[in-house]
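Below you'll find the structures, each written out as structure tokens.
Paired with chain B in one complex and with chain C in the other, chain A is shared by the two complexes that follow.
Moving on to the complex of A and B:
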């Protein structure tokens, strides 16, 4: 599971940079689509990192948070994130 | 139990009723079985008392805002609520698509206004949803009732959220003992200015909800609470332009936590989730648009976001590296890189991003900005700096409980109390800059004062009960019994301590009750008068009601052609459109300064120049508000100088010194000649020179200014008077068509 997370994080961040590079070349119209693309990358990366933090047994602050709850939160947040992205794509 | 004692005095009962469990435990032999049942009963009793207080406070918060509804009737008063009501009505009639794509041609003639894109839809959508829910449940309510009663309803909800917020902060500081006295925080809430159907009614609820959910997210570090706070933020963005306060306070709070060394994973999770999701959600509101990534006001949040990533990265590297020296070197490199990148980014941002922000925000940071640059913002009475008397009037006892509360917050520092302190200090600063923002400061002041009160009362009641607890150490007093019994053994040498504590308690309760009375009085006298209906004391001390505004608007509605255009000062625009149902030239939205300046120029010119301007704008009717007969001081003559300033700001032909005599603004014989002949003067004082307003004074005595007017013989060439209300408060004139040329 850790490898999957790290790979996701790296891929997503790279994808984000790629989008910014594309925008730099082509121009930022329509701006909302660009924003939604970049923010979906950043959002997914951030949420994955948060999940990793919460599930990691070495973190003392989260020791009474069951990993199922953390994963459920992660899924729900991702759902909301992508719904908003889809609305924002335009 | 301390909570119970406090609540009893709130309800006015004697505080003995809650001591009965302890007395019972003294009388009955303390077997384990009896103690267990008593323990259960007391907890249930505590829960019952707490729920009762909450319900009472909820109802009280609602009722206290109904003064104007009870005295007059259920109607929309003030100016902005008229517009909100009109849009809500439109939403319920035409549905979401109609609302979202609405282009209004009835205001800002001939420009029109794209309403769908230029308003904060939160309030209207909330009211419409409540209306549809009630209709679904087969309650046949009118949308107006929902609007009028919606604000008190949300005020009650805000009280509830404040209670939970207080509990969240109190729970951590008071070591398992619930901060029941945070129900106390609801009492001070009662006086808030949320009495009209305006954005702030819903916005303050959303503000407090967002803050509560964010503090909960930081305390628990759970993604779910952070998501909830993002939704709260979305609700706030949809409701009011003041959301900028949240998007700056939260990053500031994170910065403070980082600086004070309180960085934790919970903070990282909470802020990241809230920022990304909140920003995305906020950009769905078309009025806000892309400001979150473009405007200077929102850059702090983004900066802190990146800073937090840097912190996380450093933390992770520290965790990976076991060698501290290597880590120090790495730290130094990273910090320098981060600083360099930050400076470069700032420089790039200065070039690319509009860092002027909005005028209102600039006004908050530099209070003198508007007076020099934008007269229209300076002219709004709600934007003036706050006087000490306003603070005292609104806050009463809370003013000196606030510093005490700050002290107690600092004594029990935690993530949550730091947030409360920051919220309190920043909001008080802004409340000092702009009167309207006292609204934002009130929740903070209430909560902090509640902490002061609850801490004081807790200490006092502990002293009072210290003597009681010495014989029965096994009683159901909870965790503090051992502490207080040890305290009691120490304090037995001071005989008057208990009496002093009781005296102080009585004093504290007296103070609180006085405060509650003051709040109710303030709400009744100052915040419950709808500005559309004026009340005054007659000659015999009886209450006289003036319905002039409604008389005039309904005259317009019934006696003018449907496509008539009305010119008035922008204050009355919303009301004319909503109640008179006629097109206006300018209204309270004030989005186009030049258009307003044109109207201002027309009002301040001589009649023939004004006629040209009015012909160019297709004006059919002119409406002025005049308080000379009744002594009403918020009329157009008193606002006239602002018309001159705003008009002069765009058209240099209008010069303010022309209307003043030695820097003084006068309307009597010694007034400036331009003043005596301008359109506003003529329209206000037409036929007034013959009127006897007060016994013993000459005819034409202006009761609002307290002088006899200078030019009594007013003749109008291009306009004719069509309607004056019964107390001369609103006067309507018709613009005559041009003369036939032959």
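Moving on to the complex of A and C:
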């Protein structure tokens, strides 16, 4: 599962850099859309990393947390993040 | 208001008004049409028998033959009310009143029944309205159907009972319980007492009748007077809701007193002539006579309701001018009666009659001295008459004079009957003179009310001057040297306008005469400024100039191709992601195989897909609140199925 996480993080980070490059070319109007896009990427990457940390069996801190619970949290947080992103997108 | 027309009839038969009567007009078609508008039946009938009676009586008095429309339905309700045993006294009374006008077919037995009911009611009555309606009803039955025997057994007792409700000031109470008294009630009481006397089988004690006569006299002490001399009765203290007005009260009193006077022997000692007469009024169709059109003076004499007067002569006692201190121009002239038009006409005004305002005094003389008891002429009638005519304007001219010498520089003749446009010019050292002569048709000097000359500057500053006269000659001299300050030192073109007018002048004029170019010196520093002219309302309230808005320059947008290119570029990492997943060997092995968990798993994935779809819709067209509601519902669903799936997975993996 953590390889899928790496894949996700890489894709999302690349996507974020693309948006920054686009903004550099065409200008920051509308700024809220730009922020929304970039923060969506960053947020998704962060949530993916968190999921990975929680699911890693070698991690002593989260050894009592079932991976299904971590996954459920991941899904929930993603949905909330994307609701906010869509609202901010304009 | 509806009652007023019926009561008005009673007022017409009022005691004579004092000598110098005001000018009246008889009842005309406008009154008749007003009465028709006022009394409009709903579905062929009125709301009550009382209103029906008022309508019928009004139409009868005014000579409107419209009662046929409502006679059928009224007769039906009259028969119903008279035949019913539960009708109240007021309804019976008004039913009988209507019967008196319409003469519906009513059986004698019904009337006998009503008569006995009313007789019982009289004996048992305690309040004035009950006495009034029951006694009134019996009187009506007696008058309408002599075959029905109507008699009051204890007439004297009834008389005393009604008398007991009287007050010391001549007014009457409505009942012994109610201490409030009213003049209107006094009228009702007199009518009821008159009815009792007429129905009594034997004569009533004269001492009691005499006390009632005194009550009448006492009531007449409270009579009031308008400025023109008309007398009337009014209530002293009455609730605002019930206040009906002087006509209402006066007509009730007069009805009562005339009914009472008709049945008692001897006379009532009342102020005035103690006669009930029909007033004759003098009316003129036109009070403005034109000398140019040789109008004739026409006078008509009729009763107030418009019926013809008896044979009489109208005499023009005096015609005096309002201005020349009452000098009379016509005296004791009899007017000829024109049978075709029923007017009394003065053939021709004497030649000495000039234009102006006059006061004509008329007197009506009845041929037959017997008629003097029936009709009253009101003494002398004074009518203001205007005699108009053409005023001759002679030698109108306008001139510019030199100030010091008085010699004429420019002189122009004017035609005040037609168009003029003189063009003059003057400087501040010169004078403007305008003069003309005015004379009446008989050649006398005439001073109209308005002789005004107006000078209006091109900037709309106006100056008005009144012209004076000496005899026939009207002249004004405007000395510009003295008027320089008044004109605010404004040089330029001034339009000249002349106004000559009077109410008896048929050719009053307001003419533009032309213009004058005035050359005035420069204003000194402290000179008064001309007053601000009224602003053209269109400039203030009219539409304003169009405002061109400056919008913020729109942001620089990227070209479309660049945007689409980057859109494509964003899909590249997505493809890379999918390729990466496949390389990793992502599989669905952990998908539950058994039916129920599989269903939940499918639902879970569908739920997440639904939420993402909802977000897309939110971006496209929904608002936040709808989205939040939907997310809430979907979230609850997702939590349920997700919990089931993940707990199943957790249990299988552990």
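Keep this in mind: the second predicted complex is superposed on the first by the 90 of 90 C-alpha atoms of A that agree within 3 Å, B and C clash if a C-alpha of one lies under 4 Å from a C-alpha of the other, contacts with A are read in each partner's own complex, and residues count from 1 in each chain.
Basically, a residue touches a chain if its C-beta (ideal position, glycine included) is under 8 Å from a C-beta of that chain, and two chains touch if they have at least 3 such contacts.
What you are looking at is a predicted structure, and each value in this text was computed from that prediction instead of being measured.
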- Message: Taking the superposition on A as described, I'd like to know which of chain B and chain C A:53 touches: first, second, both or neither.
- Response: first
- Is A:29 touching the first partner chain B, the second partner chain C, both, or neither of them? second
- Task: Return first, second, both or neither, reflecting whether A:20 touches chain B, chain C, both chains, or no partner chain.
- Result: neither
- Which superposed partner A:66 touches (first chain B, second chain C, both, neither): second
- Task: Return first, second, both or neither, reflecting whether A:8 touches chain B, chain C, both chains, or no partner chain.
- Result: second
- Message: By the touch definition at the top of the document, which applies to A:87: first (chain B), second (chain C), both, or neither?
- Response: both
- Query: Which residues of chain A are in contact with chain B in one complex and with chain C in the other?
  - Reply: 69, 87
- Query: Which bits of chain A are touching chain B when the two form their complex?
  - Reply: 31-32, 35-36, 39, 42-43, 46-47, 49-51, 53-54, 59, 61-62, 65, 69-70, 73-74, 76-77, 80-81, 84-85, 87-88
- Item | chain A contact footprint on chain B (complex, rising order) | 221-224, 226-227, 264-266, 268-269, 272-273, 276-277, 279-281, 283-284, 290, 293, 312
- Which residues of chain A touch chain C in their complex? 3-4, 7-8, 10-12, 14-15, 18-19, 22, 25-27, 29, 66, 68-69, 71-72, 75, 79, 82-83, 86-87, 89
- Message: So in the complex, the part of chain C that touches chain A is made up of which residues?
- Response: 555-558, 562-563, 566, 569-570, 573-574, 576-577, 580-581, 584, 586, 608, 611-612, 615, 618-619, 624, 627, 631, 635, 642-643, 646-647, 649-650
